[in-house]
Structure formats: C-alpha cells, structure tokens
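Several structures are given next for inspection.
Shared chain: chain A. Partners: chain B in the first complex, chain C in the second.
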Partner chain A sequence: MTATVPGAADAVAPGAAPAGGLAAHQVCVAYGGQRVLDRVDLHVAPGETVGLRGPSGSGKSTLARVLALLHAPDSGHVTIDGEPLGGVRHRLPAQLRTRVAILFQSPRAATDPRLSLADVIAEPLRATGTPREQAAARTAELADLVGLTPDLLTRRPHAVSDGQLQRACLARALVHRPDYLLCDEATAMLDASTQAHVAAVVTDYQRRQGAGVLVITHDPALMKRWATRVVDLPAA
Partner chain B sequence: MTDLALPARVRRLRRTGSAGTMVAVVVLGGVVAAALLAPVLWPLDQSAVDLSRTRLAPSPEHLAGTDDLGRDVALRSLYGLRVSLLVGAVAALVAAVIGGVVGAVAGSVGGWVDRALMRVVDTVAALPHLLLGIFVVAMLRPGLGAVIASIALTHWLSTARIVRSELLSLRNRPFVDAAIAGGAGRVRVLTRHLLPHVLPRLALATTLMVPHAVWHETALSFLGLGLPPHLASIGNMINDGQRSLLTGAWWASIVPGLLLVTATLALAVLTGRWRDRLDPRVRAELQL
Partner chain C sequence: MTTTALPAGTALTSPLLAVDGLTVRFRLRDAVVHAVTDLSLTLRPGELLAVVGESGCGKSVLAHALLGLLPGNATVTGRARLHAPGRREADLIGAGERHLARHVRGRGVGLVPQSPATALTPVRTGRRLLEETLRAHGHTRRDAPAAAVRIAADVGFDPADLDRYPHEMSGGMAQRLATALALAPDPPVLLADEPTTGLDRPLVDHTLDLLRRRCDTGAAVLLITHDLAAARRVADTVAVMYASRIVEHRPAEALFDDPAHPYTAGLLDALPDRAFVPVPGHPPRLTDLPGGCAFAPRCARATDACGTLPRLAADGTGRVACHHPLREEAPA
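Then we have the complex of A and B:
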C-alpha cells in the first residue's frame, strides 16, 4: 500500500497488497551503479488517487516509467490485478500496454513534432487498428473534453503553447480509456488555470471510469487537493 | 521580438540566406544544365582529335583552348562533368542505401547485432579509404560500375553511423515512449515515429556525399585507375592536362579543375543551407 524502505515500521510484506490494481513489488533500478530505487513497493488501487512525493533524484519518474511498463526494473516486478507482467515495452501485447497511460512533465518532448495535434491524439487509435473515421470522431470528442478548439487541432506542436500541448497529451492518454493514469509532474509547466483544468479533467475521468491515478508533484497544495493518499519516496 | 534576441545563426541566415543561396542555385543550375544539355546545345564531337590545332590558347573559337590532341577543352570539360556528376550521384545514392540499411538495423535491433555491425564499420573505417577504393577497383572489371562500387563501398560508413546515432537518440525520447504506451508496435514506431525523423538527415548526408564522391572519382581517374582514358571525366582531363602544363598550356588542366570546384562548391553551399534549415528550432524562428 505504501512505498517502503527495508526496516521501515510500516513495511508491507510482498504480496500483501490487494489483488486489484497496479502494483510495483520490491522494484530496484540502478543507473550506472547508482541505485535509484531500492526494493520499492507501491500499489495503486482502482478509483484512488495516490500522490507520490520525494526529493529530486529519488526516482519518482523512474518509478512512473516502471509502472507505465516502459522501463524494466533490475529486480522486482510489476503486476496488474495481481498478474505479474513478463517484460516491458514491446514484449507486452498492445492491449496490456494501453491499460496504463502516462502523462509526462514536458509535453514538447512527449509529442512527435511532425504530427498535428489531431494526429497526436488519434495516433494510439490508428496504431491499434481503429478506422480513420472512428478515430477522428473520438479525437473530436476528447479535444472537446480537454478544451482544445478545432483550429488548434490542425496545428503542429511548435505552433501551440505548452498548456495547449499538454491538453493534447492528456487527450492522447485518455484515448484508450486506460485503467491507470500516471501523471509525472504533468502540471508543473502549466499556468494556474490550465493546471486546474487538467486536474479537473483527470478527476472527472477517474470518477466516471473508476481508474487508478498516480500523481507526482512538488506542489503541496495540488497534492493535498488531488491525492487521496500520499506516499513518500526516500532519497536514493 | 527584436533582432538581437535571435541566435546569431538565425540572424546570419536571414541577412545573407537568400542572396547566397540564390548565387549557389544559379551557379549550380547553370553548370549542371550546361553539362546535361551539352549534347543538344553543342552537338559537336568532344573526342574529335585534330592534331593541327593542338594546345591552342583560349580564343572566341575555343573558349577554353584545346588540349594536346586538339580537342576543345570547354566542351570536353562539360562532358567530363556529366560523367563525374553521374558517378558521384549514383555512388552517393548506393552508399546511402548500404549505410541506411546497416544503420537502421543496428540502431533499431540493438544488442549484439548492433555491436557486431559497428565493429565492421570501425574495421572498414580503420583502413585508408582511397587505398581500399583502389583495391576494389583492381578486383573488378574496369569501367563506370567499378568506380561507382569502389566509392560506394568505402563511403557508406558515415551514413551508417549517422542513421544509427539518430535512431539511438530518438529511441528513448518521451514521444516514442508515449507511442509505445499507446499501443504502437515495433514496425509502426520505426516507420511512423523514428525513420521520418532520420530521413532528412539521411538525405542531407547523401547530398553532402555527392561532391566528395565526385572528388573521389576524380582522384581515381587522375591516378589512372578510374574511368577509361578515352572517356572524358574531370579526373582524366586533369591527368591528361599535366603533359600540356609543362609546355605552358595551363588551360587543359585548370579549366576542368575550376569547373569541378565551382559545381561542388555551389552544391556544398546549398547543402549547408539545407542543414541549417533542417534544425526545427531555427526553422521556427525563421518563420517569425
């Protein structure tokens, strides 16, 4: 239920977490000999918003990438609904990968500069074989949800603001109706009103879909408002 | 935004960009058009020997004089440039295909395949490439094909490295992560998100290779290992012209040499401009 360090009083034995949900078990990750995550457990149940806190370099983003099935831990494993996953990235089938969506801190790095915003949002659908018309309809629906006007959809990333681009990234993250949404400092680069809108869209989606959300943020106010449970990641 | 706020490179491009580019376009266009249309515009026999008119100085009749066999140097230079440009372009294209495939496989498969391919690249790169080119020419039947093979087989290395390193730097970008998390398969990630970013660089590297390949062909022909002597190529002409040089007939070597320098320099200027504009940041700022 919580991120733990060995010996911590509230340490949860591996396997004690409830079966439903997205969970990291005893995850270790090292970069060039420097251990960033040391036997970390984290559990995100459907319907809850877990806040993840920790100093810079404590491995928050790495943990998010591990949970998003994008980075293979050196040891430990990730489970979805209690099922251990045998691999990351392309070793997992697309249906499984699309159950977890991730929203990155920098929308500019997270979008292909060659694609229009409409293509950015529709790409996950097109990649998994959805016909063009259906993908376009879903794109329009999501653009409306996140507050992007149709004329913005024809523009490329370099011609829109960070806030507008992050809205497109949010639409892309929701396009497959994921069961889990990981927000890795997703609102750090945004102005207050966009930040509030992004948080509202995520909260609303979570309520309707019963999705589990992981929020990484340095903003105490946002954390307090958003997260139902806060987990501290110790410094590496 | 004031002009001063822009990076120096952008300001320079704005100020001199269009003028310098126009000069290069006109020069390259003119030279290439003259070379390609030579048989139509001047339907004379460039290889006609006239021993009564050898080593004539430039005159209205022979704009660049004649060589030691009485052939018109200007006309023969244009024909030579045709051959040199053809060899250079085809060799650069073949090198780009070899290097592109090797780099794409190494950069997208990774692991031991990547390591093995890169060791091959390192090994070939460790050999002096003119020497290796001479070896390849010596192994094959002399002619255009041998020269093209010799240049292509020694010049795919940099392309392979460029494509591989571009793929490696793109592979772990968040937008590729997002595509994978969104369900895109390996082939779609490669064809839709990785290769389109590499293609402009590959095209640029190929174009930059053309002047180099032309010079390489010239070097091989100058050494007498390239194209057969009767075929007018820039290298053959410079080589032939050496005999006239000692008698004071400088034009037989200098004119084809100058033509080559002019054409390749204009091409290099254009590809340099292209490379500057390829940077999306510079491109976006130029549009402001």
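Then we have the complex of A and C:
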C-alpha cells in the first residue's frame, strides 16, 4: 500500500519494520461494525517525513490517533523503536506517552477555552510535574520558537486568531521534545503564510531533534513539498 | 470610488453590489478594533470576487456587515448599495431590521456560512430545512418537496440523505446542505464565507465549481477565503485584505502572475508550490494599527514614505495601496 516519492528513506516490507521508528503493525479499527482500518502497517523512521494520503473516511485520522496512543486498536499493535505497546491501554508510562505528540486540524477543539495560551503550552509540563520556574522558562522558549509574542501568551483562545492558537498547539506538542510528531491536517485552516511558518518550525525541530514526522493533508502541493515519502491509505 | 478591477471581457454593466467607504469598528472595554477600514469594491453580474488575507484581517466581518449581522458593539459607516434586477436599489448599511429581514437576507444576498455544522438547526431534518426555506421564498406547500429534491441534487447532496438530522451528516454533507439553503431563494448576490474549510479536495473542487456555475448564470459571488489555490481556481477578480484594508485588487490572473503589493507577493511566496517561505514578522493587532502603511514593519521595500498611509490607487490592471509597488508604472 505504499506509493513512494523519490528520496524515500526506506521501503519497508509489511510486518518487518526495522527496530527504530514508530510503527503500526496489522492495525484494525472498527466503529460500530464499520471497519475503518483493516490490517494496516505504517512505519515512520526517525528523521523522515511520511505523508499519509487517502479519501475522506479512509481512516487517516484514526490511524494518527492509534499512533499517538490515544485510541487502542481492536487488533494489531503499535511499537516505538521496536518496543511493543500492545498490552498498554489507558495508563501509559509518561516516558512513552510523551515520545509521540499530535497536532490536530482545529486548534479551537483542541484547547481548553479557560486557559491562557501560556497555560495551554505548559499543560503537559504540569501534568508531568515539572517545577514552576522550569516550566515558565520552557514555555517562553517555545513561544518564541513558534512566533508567539509575550502579549499573546496572557490571552485566552477566544481572543486570538486560529493561526495564533495553532501556533500555541504546536508549542504544546513540542514541549516534551517528542521523537515523533503527527500533523493531522494541522495547517488546513491556516492562511498560506502561517502554514509555511508552521511547516518551517516543524521541519527545523525535526532536523535538530532527528524526529520522525507524519503529515496528513489533502493538499497535493503541500504533500509534495513537505513529505519525503507518501503512503496511500485505501478507502475503507 | 474611481477605478474597478474588471475581468477581461466583462461588459460595463451596472454593479449588483457597490460598497463604498465601508468602515467597521468594534468597541471593547479598553480598545477599539479596526475590523474594516474604508473598503470599496463592486460586484457585477457574473463576477466571482475572492477576498483573501490572513486570518483575523477582517474578511468575515465584511460579510456580516453587509447582512446586518454584527453584534451590538459594532459601528458601521459607509455605503453598500444593492441593485438587484427588478427591485428598488437599497443601501444595506443602516437599513432597518425589518427591511433586512424581508428583502435582503436570503432573498437579495445569500450567505453560505463558515461553519455549516453550527449554522443548521439541529432539530430539523435536511428536508424540512430546505422545504421551509423554499416556502418562505414563494414556493407552495405542493411544489416545495419536489423543488427541495431538485436543489439538493444540484449541489451534489444525495436526496436519499435528506431525512437525516444535521448531526447525522458528515462535514461535507452539512456544507452542501448549507449551500443548498443559501441557493434556494435564488439570490442575485451570494456571500460564501470560507465555504471549503474542513472539506477534502474533491469536495472543495465541487463546491468551488458550484459557485463558478452560479456566476455563469448571471449571479455574483463574493468568496471569502484564506485558500489562495481556491481563489486562483475560480475567481475573476481578487481583493487582498491586510489589517482591515484592501491593499490590492485586480483580475485573478494578473494578481497571481504579477502581484504589485509586497504583501500579495509575500503571501504567494508562502504557497507550497512556490517558495514556501512565510511572510516575515506578524500582522499588527487591529486594536493598535500603525499610522502609516500597516505592512511597512514587515516589508523589505519600506522607506520613510511608508509613514504616511498609501491610497488605494489605480495601477495597471487594478488597484494597489503601496508607495513602492513591485511593478512600477510603465514609463509613458
């Protein structure tokens, strides 16, 4: 099921993923009897950008949620660097959970409207018990990285634009320095300039950290520009 | 207004909608939001005008101002004359609520809302919503059901799905139903506010083609979008908004091939099939706009002259508001 683009880092035989990387093995997911993912394999190696493509309803977002350990598959399992996460359900150890981060399409649906942008970014740090001063410093560092000015950090989601809020979500996704970042149509609702900026921040982070990135997009031009390898997900 | 960007071959017919000096301000507790400033444009029969710009530049406020749908803390000045065929010309700005409700919204100016999932009444099925709209606009109880099926099919909504409630529809279905509801009264002017957000590529193309066909029958469409590829695909003319003002307005082809305003050029360079480089810096806050050109702090071509506000003046095929446009006028 892989359609490759020149420069492909690896051509993986199904079921024989190399040790390094984030991988789905024979993943099946059904919603109310409707099978969305049927024995799907996907492998994202460190440092590569995999584009995931497929028609509406083909299960792209579901696969991203499975890889982000937000949704337990009906069968099959996910591995990180060869380490299976099969038996683990809701209570994953924090060290594993924070190795994969996800960025969603709608930042409004992905943020708590009561929090300031600074608190949105710092939330994962609080959840893992990072000391306050350390969290504040890390938040400021990330805000600067994604291009949020300090005056925006005190505002709540309703008082900023979609582009600004998605930048905060990107900062939140990077706060624990994940090894894998999943972008699920993360720039679809952004204007061209903000989209290019978000993609540049992700690519820059990826270079420094050696992270693997999964990009889901319907935009052929963006896919061609951003992904080093493209995987097609067939219709469910 | 003195000049207008016209698509090639458009006859000089009188405009359906002429907006002149439209200005919208929102009063907040400790600030004033400059949402739309001195905006002038015309929409002619058959024209598809795309208004593009970064999020938060005032695009959607423009649509809501034209329909009198702004909240109470908004102050609107300027004129927007609607000249629908066979009807008396009317100014939409400052028109009474009764006039807007009876003659403008839906009938004179249709709106395809930004977020169809929240715009549809959740307790009615698609069929009831459509029939209700048709009956409010002159169809009889007898012929509304057949017309509902026909209009649904026109927008690519499978009539077999009409008995679903909005929460039982996918985003794409809700979008097509919202479009059908806007088209049902056959308004001469249609405002489409980000009608393709959240749709996948085939549905985006379908929706855009639908708007294009609408224009080809003589109606006019104002498409508000952040999607430059969409604007390029269907628009006759494009107006670029930056910090509440139109900074460039010209036929689509000329704008995409040969932009004059540095901001337009920057936006185009951010496209993934072009340089994929963001415009440097950040847009200014609409509560705190600089006195001169609002783009000057981000502009590589800025000089001292940019401390004064550039006028939106005729330039080649359209209008541009810049002291240092990328294409200087050809020497006479």
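The rule is short, and it goes like this: the second predicted complex is superposed on the first by the 216 of 236 C-alpha atoms of A that agree within 3 Å, B and C clash if a C-alpha of one lies under 4 Å from a C-alpha of the other, contacts with A are read in each partner's own complex, and residues count from 1 in each chain.
The criterion applied here is as follows: contacts are C-beta pairs under 8 Å (C-beta built on N, C-alpha and C of every residue); 3 or more make two chains touch, one makes a residue touch a chain.
None of the values given here were measured: they were computed from a predicted structure.
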{"item": "Which superposed partner A:Q195 touches (first chain B, second chain C, both, neither)", "value": "second"}
{"item": "Which of chain B and chain C A:S161 touches, first, second, both or neither", "value": "second"}
{"item": "First, second, both or neither for A:R35, with chain B first and chain C second", "value": "neither"}
{"item": "Partner chain in contact with A:D112 - chain B first, chain C second, else both or neither", "value": "first"}
{"item": "First (chain B), second (chain C), both or neither touched by A:A221", "value": "second"}
{"item": "Chain B versus chain C as contact partner of A:A101, first or second or both or neither", "value": "first"}
{"item": "First (chain B), second (chain C), both or neither touched by A:P55", "value": "second"}
{"item": "Shared chain A contacts, counted only where both chain B and chain C touch the same residue", "value": "106"}
{"item": "Interface residues, chain A side, partner chain C - complex", "value": "55-57, 105-106, 147, 149, 161-164, 188-197, 199-200, 218-222, 224-226"}
{"item": "For the chain A and chain B complex, residues of the former touching the latter", "value": "65, 68-70, 89-90, 94-95, 97-98, 100-102, 104, 106, 109-114, 123-124, 127-128, 158, 169, 172, 175-176"}
{"item": "Residue ranges of chain C touching chain A (in the complex, touch as defined)", "value": "53-56, 170, 172, 197-198, 200-204, 226, 228-229, 266-268, 270-273, 276-279, 282"}
{"item": "Contacting residues of chain B [partner chain A, same complex]", "value": "173-175, 177-186, 188-189, 192-193, 196-197, 280, 284"}
